[in-house]
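Naming follows writing order (A, B, C, D, E, F, G, H, I, J, K and L), and every chain is counted from residue 1.
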Amino acid sequence: MRVLVLDGPNLNLLGTREPGRYGTRTLAEIRSDLERLGADLGVDLTFVQSSAEGDLVDAVQAASGSVDGVLANPAAYTHTSIALRDAFLATGLPFVEVHLSNVHGREPFRRRSLLADVAVGVVAGFGPDSYLLGLRGLVAHLEASGR
Amino acid sequence: MRVLVLDGPNLNLLGTREPGRYGTRTLAEIRSDLERLGADLGVDLTFVQSSAEGDLVDAVQAASGSVDGVLANPAAYTHTSIALRDAFLATGLPFVEVHLSNVHGREPFRRRSLLADVAVGVVAGFGPDSYLLGLRGLVAHLEASGR
Amino acid sequence: MRVLVLDGPNLNLLGTREPGRYGTRTLAEIRSDLERLGADLGVDLTFVQSSAEGDLVDAVQAASGSVDGVLANPAAYTHTSIALRDAFLATGLPFVEVHLSNVHGREPFRRRSLLADVAVGVVAGFGPDSYLLGLRGLVAHLEASGR
Amino acid sequence: MRVLVLDGPNLNLLGTREPGRYGTRTLAEIRSDLERLGADLGVDLTFVQSSAEGDLVDAVQAASGSVDGVLANPAAYTHTSIALRDAFLATGLPFVEVHLSNVHGREPFRRRSLLADVAVGVVAGFGPDSYLLGLRGLVAHLEASGR
Amino acid sequence: MRVLVLDGPNLNLLGTREPGRYGTRTLAEIRSDLERLGADLGVDLTFVQSSAEGDLVDAVQAASGSVDGVLANPAAYTHTSIALRDAFLATGLPFVEVHLSNVHGREPFRRRSLLADVAVGVVAGFGPDSYLLGLRGLVAHLEASGR
Amino acid sequence: MRVLVLDGPNLNLLGTREPGRYGTRTLAEIRSDLERLGADLGVDLTFVQSSAEGDLVDAVQAASGSVDGVLANPAAYTHTSIALRDAFLATGLPFVEVHLSNVHGREPFRRRSLLADVAVGVVAGFGPDSYLLGLRGLVAHLEASGR
Amino acid sequence: MRVLVLDGPNLNLLGTREPGRYGTRTLAEIRSDLERLGADLGVDLTFVQSSAEGDLVDAVQAASGSVDGVLANPAAYTHTSIALRDAFLATGLPFVEVHLSNVHGREPFRRRSLLADVAVGVVAGFGPDSYLLGLRGLVAHLEASGR
Amino acid sequence: MRVLVLDGPNLNLLGTREPGRYGTRTLAEIRSDLERLGADLGVDLTFVQSSAEGDLVDAVQAASGSVDGVLANPAAYTHTSIALRDAFLATGLPFVEVHLSNVHGREPFRRRSLLADVAVGVVAGFGPDSYLLGLRGLVAHLEASGR
Amino acid sequence: MRVLVLDGPNLNLLGTREPGRYGTRTLAEIRSDLERLGADLGVDLTFVQSSAEGDLVDAVQAASGSVDGVLANPAAYTHTSIALRDAFLATGLPFVEVHLSNVHGREPFRRRSLLADVAVGVVAGFGPDSYLLGLRGLVAHLEASGR
Amino acid sequence: MRVLVLDGPNLNLLGTREPGRYGTRTLAEIRSDLERLGADLGVDLTFVQSSAEGDLVDAVQAASGSVDGVLANPAAYTHTSIALRDAFLATGLPFVEVHLSNVHGREPFRRRSLLADVAVGVVAGFGPDSYLLGLRGLVAHLEASGR
Amino acid sequence: MRVLVLDGPNLNLLGTREPGRYGTRTLAEIRSDLERLGADLGVDLTFVQSSAEGDLVDAVQAASGSVDGVLANPAAYTHTSIALRDAFLATGLPFVEVHLSNVHGREPFRRRSLLADVAVGVVAGFGPDSYLLGLRGLVAHLEASGR
Amino acid sequence: MRVLVLDGPNLNLLGTREPGRYGTRTLAEIRSDLERLGADLGVDLTFVQSSAEGDLVDAVQAASGSVDGVLANPAAYTHTSIALRDAFLATGLPFVEVHLSNVHGREPFRRRSLLADVAVGVVAGFGPDSYLLGLRGLVAHLEASGR
């Protein structure tokens, strides 16, 4: 089973960015954790991170055919990108939306997701563990649906 | 570590209720799955399910002092119960909100949670796996915060 | 054919409660009228009234399997109870929503029903006759759909 | 007792129009059913159907003095016609609003009625039976108010 | 100078319609008053009243070229008719909007006028005097603008 | 009969203020016109103009007992002053609201009047003639109500 | 192939009505252009124009069975007529909505169409060419769907 | 004079619940204070506290006939319970709404009360003193209205 | 302890202003009642009433340093004055907001207070007793906070 | 005459993306169709497609001076990109907005276009034919305006 | 060049008012800074500060003819005063709106300015420097527009 | 002191883009002006302009550590980019938001800034001078906060 881990803008700064909110763990460390869990679950992971909405759209398109699902933390684009939503709809790739922080307790504009209603599921608020939980959920979903 | 698993109205019907949406797994089976995972994680679980908002409020109050956290699927009361929110605020019990279905893709009144912004985190859309992922997330949170 | 007649909060006060708005007929008298009509139509009726949202949810669940439909005047819970809506959805019981008064001419928060869009139909404004008309409509619907 | 049965635009197409939603019974058949019930209840019926808002207004005005009440299915004009509302207010004719389909489960603009709050009552969702239930409700109301 | 006096639905019932709100003066009497004032001001008046939105549109179109302005009480269509607005815009006829009652103190849907912002001016709340004041205002406007 | 003519902020600039919108006639000239009409109608006029909301409130209070009604152009305070509304309600003085420009065709915040629903009537859009029409309407109203 | 060309209120004034916005071409000239294009495309055209909402509803009903589709410029009724929407739904006639002006750049109430979501497609902003483009689009659609 | 003191969900936790917001005084201590003041004012008090909406409704109904008024702190149900509102309307019992904290400075959903507009009055923000002030206000009201 | 009693526009008319709503007690009588209660509680009172928003702002500024708190009935300015809010914030003076009538049951624009969320507390609906209750609440608050 | 055909994100997937909604025709095939029509109309076409908002902005800027107009299907950016709107405003390039699907019948966020009000016109719902109709409309517009 | 510096309510308290938000610099000190900068730029300054909306309106009117522009910090009246807006519109005086604090990060009601859209420009968030930057901007604007 | 000057989409077109709104000064000329002022103030400037949201995010990230603050004119992204907001939050870089035109007097969607509430301050409406004033404000802020 192959999964793309897709990270949106500013997540490359993890560990230094507002550590009170996002923790001190870097994106590299989170990726290591994910690879360890992926090995346990028998999943090959590839990683893309970008600040550009268009790059994320291209990454989803490029992954179509070569991965079974996407673990996505689109960060700010969660709330503004119809293009990313359309990329998921166009490719039909199942994806799980994850967030480090609890978006429900922040600015009102972070409460609306343009992706969640077409996602398999959503995990938010557990810090770096959101990724691990999301990967477990995605894999279970893919197995259950016979992919 | 002790955790209360709190289920709201109509979840006792799981397995028969709209199986196309909620799956065929019963609440008893989900509880067994949770106990198995709880054993792995070293967590003792207690269970409460009720159709009555007041019972759920009482259950949270009663659990205060005897559990370390709550895994809650408040179902319909997620969207209407300020009383339950206040019970969590009053006891200070950390809790994780879980949903079987992806609430973001349903009726508009299911998009507003009166609990999510004061929860540790939220997991939604993975069917019965939402409970398992939520328990993992809660336990990790309790360990990280030294409870 | 068996039908549950479900009455929500404060309807036990009928006859004394705001008679200018709700009339002088008591709930017991309305039930007698319904039983008389039920006998004509060949329908067995059972009755539940409660002030508690959870009791109404439990009554719908308990009726599942033993009745063919529900004649419901959920009163205040019409406008606030997603739990009751979910009970009807979960059991799949067909139901008709009735109101004594014309809810469209009252406070704005009484104009929104959380049940009406999943009901068979709605009857409002005819005083105690709303129950009788609703029962006729429910029975005709059940007969037409072959229950 | 005399009652005007008033039908709005497109109801002349009943039986052929979206039968999945409105059933296969024609307006002529519904009128026959109504006349049969009217005979039982001792009510003389007259019928008007038109696609034109102004015709419906004129019909209400013309009926004033010669009928005791109106059984109205204003169809699309339910949601847009203040003129029809004013005709009922101006003549003081009691009327019952009926709908074949359950308008609460359709497009948002069908949820607002410009008539319901000044009607005696509303019946919706029972297909052609909505007319019969509405006529019973209207007659009971007229009798109770001594007309 | 020639002026069309245009009256919308239900105004033919003036004098009998809700006299507590609209007074006991009939439309014929108001027209007599207007003709007397018109004679004083040197204005020829023609009159149209209809329940049909399309008739009012046609009347405005037909008046174009033969009158200098319109004194309009569109009644219910004030709040719903974009077609009538477009007729005034299309013909370029200056018009004054009048109302018998004070529309600002009634139902919310009567507060929005689809005509007022393209009218010369508005007069509301003076009963039949609204027409007389409106005619004076229209004539003064036409004289000032050299028509 | 005695009438207070009340003018709000910036109306002292009439004639120089945005003449394209408000015309070239000064407030003094409008007052002369009003006095001439008042003489015809047998009405004594007093005049107050102020930029201060409190002054206008005081003027209404002071006029209570010594005038029969108020002709008011509250200008900007039309849209913001609950205090002025309360002054009219507290004294019970009948008043007519007038505007030089057609407020319905301007900024959205000018469409809401905090006074209109408790006024006798409203006249807007006729330039200085709005005052004359408003005075006629007020006088007719006072005569009709026997003041 | 047969197509009804349906025009709403005030379109009979084309050529003289606000030529800055709608151009100088008359409805007769547009019809000639359409007939020429219809001849090229092998389409017979019939034409209806009316100021009355009810007439347009009747025209759609009458066309059912004798035409394959409708090219409709409902003008003002685009934004207010649920009756016309229901006529299209009831007959099942495919239709294309066209507008001369670019409705997106005008008053807010012109941005909502009660028809567009059930139309085949929409063409707006090209002046008289909107009709020609709309006819091409409708014909291509009818051919593609095998009518 | 007899008064029911009605407390909603989570108020049994007073003294331990968010003491920074609600103070350290327990519900038992507040009741003692109220009894002392009641003795001064010649009022007999009875007390009910519950987490269940239905219990509060039942308590109001049961009190009808045996008390002269209600001092109510419905807590969370202030903002969500139409059933409680209806219980007060149905029994006609005068009541005063009190809150420990200043609800106007908290979450938006706490700003709407479904009870306040049918209460005698409201007291909020004075901590436990809100109860004492509310009792004084209720007693004065009952005396003034001759109960 | 010293307290400023601040009254907004039109409160000087108390006793004559809408007695059905506000009672027959004059402002002078209310002040006497307050002075009597103040003497009991050991509080010196000063009084300011004005129709002008600016005067009320100046009064709050002037009181800073010479009083311990403010008992304020800002009347209409409750709902519109950010300047008064800023005066309280700027001086840091604790204040209690009181209303004679129950503002929650009146016009929608009276439901929003621009002061309440920064007040100590609010008392509304008890007629002149609102002042007395408010003074008690303010004094208790000042004593508790050691002023 | 030269025209830039600008395509937004995910349109490169046409033919495979949700064929039920968008059809089976690829972007390459649509471009061939456009070139054939362009040859007929005497128009040279250039093509740009990108997933990146910034690329589309750059493409519009770069085209300024070398093309006469733009045929744009901005896809998801239609609803979110003020930058693209500004690019069209800044360059002054006339453009036509086209959509394959009927955006009026989809998610609410697809009903708002940030471009349409500054476009020449809009064509939506005709599948690949939308491009061909849009090109015809654009060319006719450019010819009429003398470019 | 002459400029009026206009300050609204509570700004006379600067230096003592919420120093955490507004800093410790007094209005007198800010005026000295402005005069120094004015001397550099060749501008004569006059100063007005008042808590009364009417005074500010009068000050703008009085300044008309004797100054070239206004540097205005209307404080709370920024958000509520249509009268002040009208004063600027009536006199045609160019003005710059300044704020000490960053109004965008405060209460929602401070985000709406009734003045900004008719100002030359806005400067907010720089503490006392906002005045200095605003004066520079105003002077540059006046020079550029040849005043 | 070092400052990054960040310009968003279409600002490279300054001087040619809608000169009536944005003036005839090019971005290169504005940069020269800024460098001259920077030299006076002892500030080193670097410049970035891009049409791509992701580039601006990357530029802010890259500047972190090497500059003391950012002078940003994000143009269209002001209103749509949560990603840019997050970049400023993540790096903690102080920034000033500037606009050439007065955004408050334009389209409604330009009134909302997703950046302003976390900026040091905002300057809008002074044309190219907005940059110079913004730089002065930023430098003063950085000096005051000891950077």
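The rule we apply is simple: a contact is a pair of C-beta atoms (placed from the backbone, for glycine too) under 8 Å apart; a residue touches a chain by one contact, two chains touch by 3 or more.
Computed from a prediction, not measured in an experiment: that's the story for all the values here.
K.L.:
How many steps does it take, at the fewest, to get from chain C to chain G if each step moves to a chain that touches the one before?
P.N.:
2
K.L.:
Applying the touch definition from the top, give me the chains sitting in contact with each of chain F and chain L.
P.N.:
Where chain F and chain L share a partner, that partner set is K.
K.L.:
Are the interface residues of chain E and chain F largely the same numbers on each copy, more than half shared, or largely different?
P.N.:
same
K.L.:
Comparing the two chain pairs, does C-D have more C-beta contacts than E-G, or is it the other way round?
P.N.:
Output for the comparison: C-D.
K.L.:
Distance-wise, how many Å sit between the C-alpha centres of chain B and chain C, to the nearest whole number?
P.N.:
31
K.L.:
Compute the distance, rounded to whole Å, between the mean C-alpha positions of chain J and chain K.
P.N.:
46
K.L.:
Chain K: which residues touch two or more other chains?
P.N.:
Within chain K, the residues that touch at least two other chains are 52-55, 80.
K.L.:
Go through the chains and record each pair that touches.
P.N.:
Listed in label order, the chain pairs in contact are A-B, A-J, A-L, B-C, B-H, C-D, C-H, D-E, D-G, E-F, E-G, F-I, F-K, G-J, H-I, I-K, J-L, K-L.
K.L.:
Considering only the defined contacts, which chain D positions touch chain E in the complex?
P.N.:
52-55, 57-58, 61, 80-83, 85-87, 89-91, 114
K.L.:
Please output the residues of chain C touching chain H within their complex, sorted ascending.
P.N.:
Of all residues in chain C, those touching chain H are 8-10, 12-13, 16-18, 50-55, 75-77, 79-80, 109-110.
K.L.:
For a test of understanding, state which residues of chain J touch chain G in their complex under the given definition.
P.N.:
Residues of chain J touching chain G: 102, 104-105, 113, 116-127, 129-130, 132-133, 136-137, 140-141, 144.
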